[in-house]
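The structure is given below, and queries will be raised subsequently.
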Amino acid sequence: MEQKKNNQVTKSLLWLLLLIIAVIIPWILGSNQYSVLLVTTVLLYGVMATLWNIIGGLAGQLDLGSFAYLGLGAFTSGTLLIRYNFTPWMGMILGGLVAAGFALLIGIPLFRFRIREVWYALTTCALVEILKVVFTMWEKVGGPVERYLPHYGSLYHMRFSSYIPYYYLMLGLLLIALGVNYRINKTRLGYYLKALGEDEIAAEVLGIDTRSCKLKALVCYSFLIGVTGGIYANMYGYIHPSFFDGQESIKVAILGIVGGRGITYGPLLAALLLVGIQEFLRASIGGDVSGLYLVIYSVILIVVVLFRPKGIATIFQDVYQRVFSRRGVEKKNVQ
Amino acid sequence: METIFQSVFSGVLMGCIYALIALGLSLIFGVMNVVNFAHGDFVMLSMYFTFWAGSLWGIDAVLTPLVTFPLLFLFGVIIYYGLISRTLREHYTIQIAITVGLMTFLRAITQLVWQARPRALTYSFIQGNIQVGGYVIALSRLVSAIISLIIIGSISYFLNRTWPGREIRATSDDLDAASLMGINYQKTYAIAFGLGSSLTAIAGGLLMTFQQVDPTMGLRFGLLSWCILALAGLGSLPGLLISGLIVGVSESLAMTFWDPRARLLVIYLIFVLVLWVRPRGIFGRK
Amino acid sequence: MCRKKINLGLMTRFSLVVLASFLIFSFTVVAETLPEKIVVGCLEPLTGAHAVFGTEAKVGIELAVQHINQAGGIQSLGGIPLELVTEDVGETAMSARLATESLISKHHPVAVLGLYISRLTTAASEITDREKVILVADALVDDVTEMGRQYLFRPAPKASMQGRSAVEFVLGAAEKAGISMEKVAILNEDSSFGRSNALGAVQGALDNGLTIVYQKEYPYDITDVSSIVHGIAAAEADFVVHCPYFMDAIIFAKTFRELGKIPKFIAGMGACGYTDPESIQALGEIAEGYSNTYSYNPAKDTPQNRKFVEEYTAKVGHIPTEAAGMNYYGMWILKEALELSGNLFPEDPLNPDNLRKAFLELDLTSGPAVEVFPTDHVTFDGKGDNPYARATILQVINGEPKVVWPFEDAETECIFPRLDATY
């Protein structure tokens, strides 16, 4: 009992320490805008992959549509800012609602007709492309020409001239994302999701309303991604249909898978490592031999998936377990 | 009226080629239930091989499959033993992750080898047109469509009438029973995967008669073939052909009467609707 | 015991992180004394869908730096040489931003060239403006200079001007040949670049009293264009003005030929497309007679341009593409601005505001920069555009791209109408 409690305390201490590091990172990096942008980008992927974990990891639905919701959020908040000078602080919430509404619209028939596994994955993949075409053709809101978000350097318009505020926004979102993951994991919904993620038919036989469970997970995920989209648009300073990016959506799912499906901090870990490696390779050799860094990156990706199919988070779990269980064994021996 | 006919006919011809591209994927997914996200990039790779063979030895694009077919078969077998066979027992998401890794790898390596600029072969000898009562038909599309039909027919023959083909079908129907019957499923799978990827060599050769290739074109062929597969359902080759035609014709009609930008929109909408209404495809066997 | 150890490990790791960050930090803060080299950045898409332009542009920039240094560096600053640093901007706004921040924070360049794609330029120019780094842009979309960027300059002719030039060229050539042209079809790929070109062409067509009988936008990754070619023939367009992305030019040219429905003339507008060396090689004899606007004039008969074309061809295997040419003269114009800044503000020539003023003061009518520029006048208005920029038009004649317009600068007579026109 006591040991378990100790375990809990260590865990919370570890998290606290990480949080403190995360909070002071911008102060350390300070004047180097690149480093702050880099950590912010890593966090962005971390947020998206952690949110993806709700639908992809827990519920086992391979969603490849994250940038569809991101784009919807970005377009909602961006368009409101351009047209009506509406503050993105509210706009991003509305963006989240639009994304969640759209997800409901798609999710209800999708789950009603029991579309799952690869077909669910392909539907969401197609969704991103559909939205891209729709927004390219919808001249009033999208169109092929970039729409530049004005008011650079204004708090009301969430257009900061430094990345540090965006960093903290992303950090906040990350905490929310981790919190939501953690909460769902602890509640009945989490158990249901995990059950149906393992075996959907068995879960149905047990009397779980898989449809509403999946729908809840999808709405949670899409709403928060939509909110992220609002920040994304302001950070990059424009809106454009190319935000609906199929490749990047797949990348988010890959981060979730590589990190370890269903492990709360797994996707974040994968984002830290893989996005970090990719950016390091791009910045160091990308200018000399074009394309080489992607070769290296993809080889790393394949190797990781091949030898750690349960996710890289399991490496950390193993280490953690080994350290603590050994102590447990020692104690037992003493007793 | 003339425009409609012309448009439908263009669509039919392209549809046959699309069906050929999807055939390889159908073999791979239908037989071993492996989700190959890199299928479109296999097409891209074989188009590059076609370009390479064509420009190096001056072979006409239509004849390059003589060289690229065995090459792609070998490639498929290597990929199967190197990557796919290790993930057969894993969750399907792991297969997707592996094939996405492969997709990124192929994209990057082709760019490294052939640079980013699009490559194309010069005018093929099957290019030209025939005129039938005021309608103009592009010869390259016509020949490509006919070759696609022949290939689909012979694959159908192979699966139904020959031993290796029967083994593949048996394994796809019931892996355990087939194993008990003494079928070496690893070998069968490797053949199916090799065949699936070598079929893209033919498609690549045909596409290169009128198209060009660049490293980023993989995903769009990949998604296209998945759409056709979803329409067709598994195990029905005539169904695959008809689905290819549906996709080709609706694409062509959308381009003529609505907006060329909407071509993918129409295809994907059909895909999503068919999934909703008939999750097993229109012609599904299983 | 054990737990203490872990905490200790974490503490050491943490302090290592802090230490490392401080090290990076201290390295990046470079003392601002007299530099031995002037650092210039090259930010081009070297991977992804736009790599085809970026890789060529990079070679153009490298050659320009090499030539400038060979010629003695920046003379007004005592012959300081230029040093080039390069990063790949990828294909998304995210990677473009990362690359721009990375390059600027690591190397502190006085100016940056490139980005090529308008949405990458939109994302990156916010940073260059914040950091007060001159951006010599090579994205031709009109809107790039409409965002109110202070430190952005674009020497090349903007997209709408290219569209207009294509129409004017066809009309001029038709008049010379004594053919009347009334109906035009306008095609463009669906990016902001294609759109800008098409708008210019539409305006040009309307101003000249033409009827637009067919107009379509299509995605550049189109797999079959038969229906578009049939549509143009059904509309009986006299000529086609087309803004291809790059690869789509090949499929269009092949389909026009194969279906045998070829209008009197097909004029390309905007970057590359029909007259790019790669397209010509890929198309073989089908390329014959196609024309395309070009923001650079490879045939300009000046010593500097001959040298560039010669060395570029030796290095890459074909004549400079538009991307390479634009960046080559972009770098030379930057060099001239540095020279001027050295003369005007000898006490602080590399100060970004002084350099910006030098750019605005720039009025070049001779020298190496003008020798490689398509017209003979380089100057910048308040928005950063060069009002004297004009496109040239190249036509494929006997397998070689030849300058045919403006008529007074033409290398040879243009072939008009197309020899294989069928209606």
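Chains: A, B and C, in written order; residue numbering restarts at 1 for each.
Note that in this section a contact is a pair of C-beta atoms (placed from the backbone, for glycine too) under 8 Å apart; a residue touches a chain by one contact, two chains touch by 3 or more.
Note that the coordinates shown come from a computational prediction; the quantities given were computed from them, not determined experimentally.
Among the remaining chains, those touching subunit B and also subunit C are A. The most distant chain from subunit B, with centres taken as the mean of CA atoms, is C. Separating the centre of subunit A from that of subunit C, both taken as means of CA atoms, is a distance of 36 Å.
Centre-to-centre separation between subunit A and subunit B, using Cα means, comes to 32 Å.
For subunit A, the set of residues touching two or more other chains reads 133, 136, 290-291, 294.
In subunit C, the residues touching two or more other chains are 47, 51, 54-55, 190, 217, 219. In subunit B, the residues that touch at least two other chains are 108, 111, 116, 259, 261, 264. Listing the residues of subunit B that touch subunit A in their complex gives 29, 35, 37, 83, 86-87, 90-94, 96-98, 100-102, 104-105, 107-109, 111-112, 116, 219, 223, 226-227, 230, 259, 261-262, 264-265, 268-269, 271-272, 275-277, 279. On subunit C, the positions that touch subunit A within their shared complex are 2-3, 6-7, 10, 14, 17-18, 21-22, 24-25, 28-29, 42, 46-47, 51, 54-55, 85-88, 90, 92-95, 97-99, 101-102, 104-106, 118-119, 122-123, 126-127, 130-131, 141, 143, 147, 190-192, 194-196, 217, 219. Remark: subunit A residues 6, 10, 13-14, 17, 21, 28-35, 37-38, 41, 44, 133, 136, 143-146, 148, 152, 161, 236-238, 240, 242, 245, 248, 279, 282-283, 286-288, 290-291, 293-294, 323, 326-327 touch subunit C in the complex.
Interface residues of subunit C, counted against subunit B in their complex, comprise 47-52, 54-55, 190, 216-219, 221-224, 226-228, 230-231, 234, 246-247, 250-251, 254-255, 257-261, 278, 282-286.
Contact residues of subunit B toward subunit C in the complex are 2-3, 6-7, 10, 14, 108, 111, 115-123, 127-129, 136, 138-141, 210-212, 214-217, 220, 251-252, 255-256, 259-261, 263-264.
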